[in-house]
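Read from first to last, the chains carry the letters A, B and C; within each, the first residue is number 1.
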Amino acid sequence: MDNPTTIATGIKSKKKITKNRMRFHKWRESLTGYVFIAPMIIGSSILILYPIIASFVLSLTDWNFVSGIEGANFVGLENFITLFKDSIFLKGLTHNVILLLVLPIGLFLSLFLAVVINKKVYFKDTFKIIYFLPYISSTVAIALVFQVLFHPTEGPINQILMTMGIENPPQWIADVHWALPSVMIIIIWTQIGFQLLLYMAALQNIPKELYEAAEIDGASSWYQFRKITVPLVTPTTFLLLVQGIVHTFKVFDLIKVLTNGGPSNSTTVPVHYLYQQAFEELKTGYASAISVILFIILIIVTIFQWVGQKKWVNY
Amino acid sequence: MKRKWLVILISVFMIGLAGCASNDKKTNSSESSDEVTLSFYTWINEENGNWDKTIKAFEKEHPGINVEMNILVENMSSDDYLKKLDLIAASGDKMDVIMTSNSGHLAKRESAGMIEPLNSYIENEKINVEEVYNMSAIPASADGKYFGLPSKFNTYLIMLNKDHLDEAGLPVPTEWTWDEYKEYAKKLTTKEHYGSYLHTWATTHQVLSMLSKPEENLLIKEDGSSNMDDPTLEASLKLRYELEQVDKSSEPYANIISQQLNYRQQFFSEKASLVPISSYMVTEWGGFTPEFTMAWAPWPKNNENDPSYAYSSADLMSIGKKSEHKEEAYEFIRWMTTEGMLIQNKSIPAWSEVDVNEVLTNLVKTTSNPDAVDIASLKHVLESSVSTKQFLQKGYSTEVYNAYNSEAELYLLGEQDLKTTMKNAKEKVKEVIDANKE
Amino acid sequence: MEQALKKVDTSKLITTIIMGICGIIFLLPFIWMVSASFKLEEDVLTFPIEWIPSTWNAIENYSNVWLGDKPFSLLYWNSIKVSVLTTITSVSVSCIAAYAFSKINFKGRDFLFLLMLATYMIPPQAIVVPQYLLYSWAGLIDSHLGLILLNSFSAFGTFMLRQFFMGINDEVIESAKMDGAGHFRTFFSIALPLVRPAIATYAILRFIWTWNDYQNPLIFLRSESLYTIQIGIQQFADAHGSIYSLMMAATVSAIVPLLIVFIIGQKQVIEGISMGSVKG
């Protein structure tokens, strides 16, 4: 026979049990979380985070990495002071910012192409391969083909421009003012394959019913694109934006093969300069300072994006 | 269904990893107390170095010393090689014999503490290095220290297409000035080909007349100060500009960089008749086979009455500072740079006690078309060229040349006049020198 | 219904043709590569480009590459081995981490995620020296294991997969929990299948990136028997330039697995069409 006190105690102890159970579950949840992320965190901490920290420490020295640790002298912020007066570095930084323009253009093109290939063409699989090929082609081959396309007098691009009446078309790669845009065009073109791939994966996740309903309501393709496709792929767009910004700051192979930073430093970027300083001039400390600056820039940009994602990314 | 896949994947993965981890490394066989193994580092692969044969010959003549080859790269790239070499040094490996492709690279590594001075060994052997070798390419440091012995000897000269000269009725020059070079280039330019081709190397083709001087050929003087005020420098740039833009007898710079032209492609496909280059071109044709005769002329002079000065360089063999077998390493590099070069038979040695004719004939025999090489003119070039006086370059000389080149390019592309170019270049070079003062 | 299927959609046809024309530009480097691999060296860099070789040298070039001095097939195998193992490791590590970062609540989750993401923010050239010294100390230089580990902990993979896991409706997870499933069970049976397109996509990318990696094998490997295909391709370059015809024969040979991986992987992407979250 349950009298009120027993019931009350009963409820109280049940609450306590539930509370404890909840705490236990929370603890177990956290533990599971840690276990799941452990391999990733441990691996990247040892293999990447630790070298990053080492590199930052090195930026405070004048080490040349060949002469053993004894050869490193602590120089404080001297490397950074020199860096801020270094015209080649500053020029490279400006170039990198300009390079960022490839992102809005590239992302729009890739999404557009993804939508077209997904639903609006025959031979879908073949097209996927065709548009993906540049991404896996060798940088050497890409550089060579574009050198021909960009030939100042006999290349198809300038031939077309000249027939359109433009008398002195740009010299492209050999032109101090047009070398960087040439690089940008090639970056957009190569990255399309990669961005396309990711957008196509994202498109698979959009329920067909949404499009069907819009179709029935009489919405145009463009409207569907704007109101359904674009919002629903925002997680991927966010991913590609973060990745894209980081990628433009890391672009190295293309520049090394196509222009080697020239002509006259018109395509130099910090990572190219870093490589030169570290491996050709053996100035490890100075090169590490460059990587510190790049890192700080990228972290700030990413944090901005991370905070801002709540505003426009739909999960 | 998915579980099964996962299990399969994981097992494959485990087996794979296990296989990797038990990768057998070469177990260091314990050497007997009198057997020494030298670790030899180079970028030259077997095809270009003939190492099997050469090393065997050495080991036969020097029982008790073995040489372990460490060819660090597949693509003969000195840059990739240096990267790996530096990393190996950084991780503390004891290197015995180290090769570098020019004295600038060597100087950098020497100041980083990687290279052992050779003077004590040379004194012990009681030889006069300057006589045994064409040491012009191996400058000593300011305090008279030597850090490497020269193996492959490169001297600057003009490589020419004899068939083109014959067509134009021009004899192979035995000595000439830059003005005469310009004349030749003009006469050799036809609809099918340019008379001359100048490549993109700032250290060579942006400083043509500088290399014709008897000394102080570089942008930095021996005492470390800027050499940019030398009027010959401005003259060099003007010479190139005139050849390309005024006479139109040399491939324009804009074409070269926009199409990344390669001097070998241009020369062997007969698009250029004269190419200022170094003597490694005698054998290193890079997969091309000439269908014409290759003849050779000395580097042009600045003045009529000068001898034919020629800048030269060499591959260098050095002893690692941390080596534990320095005596044996010295023995090896002495042998390699003398008899070894002849057995290797891949390039012109810097060893002075050789029969030039014999060496050249043997070398040329190894090419795909020996008859294409005119040995007589080559011999004449080697014998008549007077080496310029050299000194050990500063480690930062690449930065200096890069700074100079970034301005020179603007001039050659028509973006900037000569006066502004020289002014800017001088300032930039000064900045680099100042920034690198110890 | 049948009639509709038989009708050819004209707008689709037109779009196909336009895309095809644009596609030709995208195909150009690949066509050039194949064409160069069929030519004599001196014909490779002619201008204007000779798309169809006047002199066929294909057999010589390809046999030079595959049957030449260097053990090309061994390098090929090494690349397959390293790329497959790296892909498996990276996908596994990233999947579980990504699931946790999106669907499990634990203290410090966002901070740890950003920390891990930070490792992506640095160019590899900047950390190669400390990495090399670390590997040297750990005895991992000149080993495939070392090479695999290098590329197996990519923050990008975790980031990308997290984005896709975030797209899974939380209710799905909740209902699984109510049924008594722990996170392990939920992860394997429910979450993974829902992100199959993403996993397939990342696997493709990781395979390609590892396969095309030149810097890491160059620096971290010393023995010829361990080299990968990218180093093998470089043997056709020398100090003063490249022998393009052979290099392209090697490169074309090296692209084939990438195409295969892409085609197989893409099928997975399509078939992994979302089974849709359970609608109430």
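Everything that follows uses one rule, which is that a residue touches a chain if its C-beta (ideal position, glycine included) is under 8 Å from a C-beta of that chain, and two chains touch if they have at least 3 such contacts.
Because the structure is a prediction, the values reported are computed rather than measured.
Chain centres computed from CA atoms place B at the largest separation from chain A.
Here A-B and B-C are compared, and the pair linked by more C-beta contacts is B-C.
Centre-to-centre spacing of chain A and chain C amounts to 16 Å, using the average Cα coordinate of each chain.
Chain centres here are Cα means. That of chain A falls 39 Å from that of chain B. Spacing of chain B relative to chain C, judged by their CA centroids, is 38 angstrom. For chain B, the set of residues that touch two or more other chains comprises 83, 87, 90, 92, 259.
The multi-chain contact residues of chain C, meaning those touching 2 or more other chains, are 47, 92, 129.
Annotation for chain A: residues touching 2 or more other chains are 65, 144, 148, 151.
Of all residues in chain B, those touching chain A in their complex are 79, 82-83, 86-87, 89-90, 92, 108-109, 112-114, 253-255, 257-260, 395-396, 398-399, 405-407, 409-410, 413, 415, 435. Within the complex, the chain C residues that touch chain B are 41-42, 45-47, 69-70, 81, 84-85, 88-89, 92, 129, 132-133, 136-137, 141-145, 148, 188-189, 192-193, 218-219, 222, 226-227, 231-232, 234-241, 243, 245-246. By the touch criterion stated above, chain C contacts chain A in their complex at residues 11-13, 15-16, 19, 23, 26-30, 32-33, 36, 47-49, 92-94, 96-97, 99-101, 104-107, 109, 112, 114-127, 129-131, 134, 149-150, 152-153, 155-156, 158-160, 163-164, 166-167, 182-184, 187, 197-198, 200-201, 204-205, 208, 212, 233, 242, 247-248, 251, 255, 258-259, 262-263, 266, 269-270, 272-274, 276. For chain B in complex with chain C, the touching residues are 2-3, 6, 9, 12-13, 16-17, 20-21, 23, 25, 43, 45-48, 70, 72-78, 80, 83-84, 87, 90-92, 101, 259, 262, 264-265, 268-269, 284, 286-288. Interface residues of chain A facing chain B in the complex, by the touch rule stated above, are 64-68, 71, 82, 143-144, 147-148, 150-152, 171-176, 258-259, 262-265, 279-282.
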